[in-house]
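There are two complexes below, and they share subunit A, which is joined by subunit B in the first and by subunit C in the second.
Let's look at the complex of A and B:
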């Protein structure tokens, strides 16, 4: 029953991630290309009925132009409908990062399509959300991998060897939980060279969120290891002269797998959120590269907050992903049974 | 017969009385006993308002002091110069011309070295103490005293020597300048006349710089401005009340100001100020960004929004042209050979889409700039500076002439290479607290991408940005803005002189690094010494043309002054000079004062 649930959630997540992974194909526009004639353009209206009242099976859009004397009010030009087409040629991109390609899932001939409107520079928000997901999700996944490997390693050592190693490692873990990370990050940023390229900034963010969060999984793993090493079959193996290394990898660590998997499903959304927080505050990936966090950064301005509702949409983009991961976590937990989560997962590590 | 005579005598008397009433308007009820001869008051034209009421204004920060000698922060200057103090000769913010203030008239000697000013008779400080020439002498002695460190001192040192002040009689003072001074009587604007009777003792004790903190008790404070100190609530507000001894009247002879109270609320952020204004807590709002302005204009709930046109603020991009120590910042020094190339700077300038900046950053409420003098500064703008439209072609041509070349990438992108084959990439600093300038930098980044330059925008906290630009000089390029406090070029001396501290691209040089910088130095010194406007204008025009040619600063755009006021505020006439709304605060009134004073 619950195994079926796990596969169902996994399937949903796979679809969502494929969407982000092939952002270039699904996005109709280049995420960094500015259209200075169309700042803050509202999401495009997709029509089936034209201005003469005729019904068309193929949906179409009208090109927009700025109303004279205005800066953010647009009007549709009814004279030239642009039918939506599928698999059209558009701006160049690299599929999966290396296959040069020009085909996009949908678009129009001749004009840029703003499915979810545009931002202050006239950049297509829909494309930016898709491309931004690449940064944010990758940061979450990489960060979670780093955290879990650190956590599993440290937790296993602390739990298995005990004694002074346990004391030192667990006190360090407490220190990490207690540190005010956000302020440390602001400090850290001041020491770094002034110009951090998008790639460096990305790995910096990943390293930071990965290094910060290991304390909680380490504690969980330590708990599991503590109880596992007293199991009869482990004692028996030790009696037969098995080495520490053999015991850890053969008998003890496999028992932590369900805890780790559940933790992973919980940590990924948490770290995506952490990346968003950092980028929102300007510590993440720099403009013009999109990420979910810096897409939301413009909402810091009151006038944007009240005037352009579609600027909120990047916040909604994370909802299906978070639902997917949290659903997966609870399904894993049900299935695992033994690997209970002793602690409620707290907020973000920051 | 006798009754007839009597009648005609009476009517004659009445006529005389009426004449008297016209010549000497009776003081308004409630004002203190007058010894001032009425002709010594300054009559202003404008709508006749009602007395009373309270105007609430928000300030971005608490004023640091009420002492005009030490006030450098914008809130202190706004409160002190706008509402609490008065000067001898004042620049009318509306007309940008000088007009009599505490001095009712002045004479200049033919050689332009001697200004003799006649004070209004019968003036009184806001505590009722009479004013005479000794107060003027005292004020200038204090301004010029090196130990006081008054911020005004620099303005009064002309050609290295201070001006001197002499008293002729109680109402006449003579100012002797060491050299002819182009600014002329504008010099006196903003120099408050201080109450000798309150400050002389503090001055003798050497404590003057510490005098008059914001927490001063109202009895220890006096000024000649339209309002006087009433109450200060730390962290919340500063309340001023009407100065009953103020020396201006309206055209009907009613003593100004109309308002009985002026309240400054401390509201730290621009967005919070908008919310306060929207909810009716404050009556006027200034320094609005275009986005907030249009958000307010769209809602229009009992207030009027006004676009006063381009102000004096000019925003610009500049490159690091300092003489850098190779060892300290080798990377920046290596890039400087591009920045020093005039054609490189001209190419950058040609590639920047200024119209887009005005449209996207200021939503069309601004003016593109090709020089430091904005269209708002009507008297000084040089019409002959070319307004060349954006041209990528021209930019590429200039770069080619300077032996730059391009290499094409696999996906159709191009990279600009210098003569040594190094790709051209640099970073632009902006202040992270200024969304407008960050946006400008992002647009420039995209513009320059079309030339194959790889530019990165680095938003930095303002203080560390200024530190990098003026102290450590570890930066490559930077977008900043400056706002002159006066339309006269003299207020920007510090920016254009190569020895100036605000000569941003290469500040505080011991001697000018380039020929054109020394030419600007010469022209600026010269315009200071000639007194005719036409001559000064010609000299300053040459400065503007040299700047346009050499592009040490690539001028971008100037925002309009955007303000708003409730519909109930009368005589609301925003100016493009600071203080935008409160410059005529003595004439502001509330149209239905009964409603508003009850608040």
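Let's look at the complex of A and C:
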């Protein structure tokens, strides 16, 4: 039952991640291409019925033009309907980062399609959300990998060797658990360079995120290691003269895998959120590279908040992902039989 | 009593460790507040050097730390370069606002979570329980940032709630009662965001803790003796489920603190969050350290409160037996 649930959640997550991974194919436009003539364009309306009242099976959109006598109001130009086409040729991109390609899932001939509207520079919001996901999810996944390796290493050392190593490491872990993690994240971020390029900023954010969360997995891994090292087959192996290294990697660490997996499913959304928060506040990945966090940054201006509601849409993009990860985490926990319930992303390290 | 004493000592060492940790981080910093000042042509190099010396930025880390600890004992917690004043008074004002927000949100969240969790546990498997489970899952997947931005948009577009800040223009001329109402009105949005973000975890824990007890043999025995459903639930099951929930209460303070950081910034509530952000951007060293430390103090205080409650509720702890 529960195994089936795990595979179901994994499948859902795989689909969502494939969407982001192949952002180039699903996005109709280049995420960084500007159109200064069309800032803050509302999401395009997709029509089936034209101005004469005829029904069309193929949906179509109307191109936009400035309203006469206005400089920021747009209206639809009813004279030239643009039919939506699928697997259409558009701007060049690299599929998966290396396959040159110019086919897009959907688009129109002639004009750019703003499915979810455009931002202040006339960049397509929908494409930016998809591409932004690549940055945010990668930051979350890399951060979780770093944290889990740190946590597994430290927890294994503390649990396996015990003694003063255990005492020192676990007191430090307690310290990290006691600090409100977002404040800790900010504290650490405060003392690193402020103005850096997108790539450095990305790795900086990943490093900071990865360094903050290690304490909780470390404590869990330590607990598993403590019981694992006393199990009969481990003792037998030790009796046969197995080295510490061999015992750790061959017999003990594999037993921590289910704990680590569950932790991963909890940490990834938390870290995606951390990246979003940092970038939202201008401490993370900077423009023009899109990330889920910096796409929301414009909402800090009151004028955007009040007039351009579609700028909020990137925020909703994270919800299905978080739902997937949290569902996976609870399914994994059920399977592991620990019966614990999940935390919110950004919740306390309980 | 030994139990409480141990907790106090633990809290003290935690604070010591936290301050050392933040100081260690600060040595990683590639620049500081005065580097910006040096770029300003109106300020002479001598002035900058004198200021640096005055704030001991040239001294090695242990000296600086000792100096800072000394200033903590004098109730200053270092000096803010940007505000040109001791840090502690600055932080106090902001911390008060943050506390107002988090304490209200914590209480409200628990007041809502307890009945909902109880309802859900006693109606397990029914439609209402499943609906609640699904909606908590949805809320759980909606982070504070998304929630607070969404609420803000709704408020701005409808104009139902005041947005931004803590008081209206002309606050000074209001009567005391009006002042309270004004602040309360401004609190609606941030508190709503915080409560909504804390609620799902609390409901789930209440439900799980209670469901576990409802299955327990002692309760079936009590039911077989013919005790009423009401007595069973409130006198027996809830009391037995209280322990993990009280511990959770301590932790929920920490979660709400981290959450309020975002909510405060988004809703421009004058709490610790915006101050910390400003300080980070200005490289105002001691304000950052103070902010992190203050939040740690709150978290520890929350946990301590939970411990006190546990001590009061659970006789096993009073007797000195380890129960956790």
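In this section, the second predicted complex is superposed on the first by the 307 of 350 C-alpha atoms of A that agree within 3 Å, B and C clash if a C-alpha of one lies under 4 Å from a C-alpha of the other, contacts with A are read in each partner's own complex, and residues count from 1 in each chain.
The rule is simple: a contact is a pair of C-beta atoms (placed from the backbone, for glycine too) under 8 Å apart; a residue touches a chain by one contact, two chains touch by 3 or more.
The model shown is predicted, which means the values in this text are computed figures rather than measured ones.
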Touched partner set for A:161, first subunit B, second subunit C, both or neither: neither
First (subunit B), second (subunit C), both or neither touched by A:306: both
Touched partner set for A:188, first subunit B, second subunit C, both or neither: second
Which of subunit B and subunit C A:197 touches, first, second, both or neither: first
First, second, both or neither for A:179, with subunit B first and subunit C second: second
First (subunit B), second (subunit C), both or neither touched by A:323: second
Which of subunit B and subunit C A:106 touches, first, second, both or neither: neither
Subunit B or subunit C, by number of subunit A residues touched: C
Subunit B and subunit C footprints on subunit A, overlapping residues: 190, 194, 282, 302, 306
Contact set on subunit A toward subunit B in their complex: 32, 34, 36, 39, 71-72, 92, 94, 100, 120-122, 190, 194-195, 197, 282, 286-288, 301-304, 306-307
Residue ranges of subunit B in contact with subunit A within the complex: 270-271, 274-275, 289, 291-292, 294-295, 298, 353, 356, 359-360, 363-364, 410-412, 427, 429, 432, 435, 439, 442-443, 445-446, 456-460, 464, 468, 474-475
In the complex with subunit A, residue positions of subunit C that touch it: 14, 17-18, 21-22, 25-31, 137-138, 140-146, 149-150, 152-153, 156-157, 164, 197, 200-201, 204-205, 208, 248, 251-252, 254-255, 257-259, 261-262, 265-266, 276-277, 279-281, 283, 288-289, 291-292, 295-296, 298-300
Interfacial residue positions of subunit A with respect to subunit C in the complex: 171-172, 174-175, 178-184, 186-194, 269, 273, 276-277, 280-283, 296, 299-300, 302, 305-306, 309, 312, 315-316, 318-320, 322-323, 326-327, 339, 341-348, 350
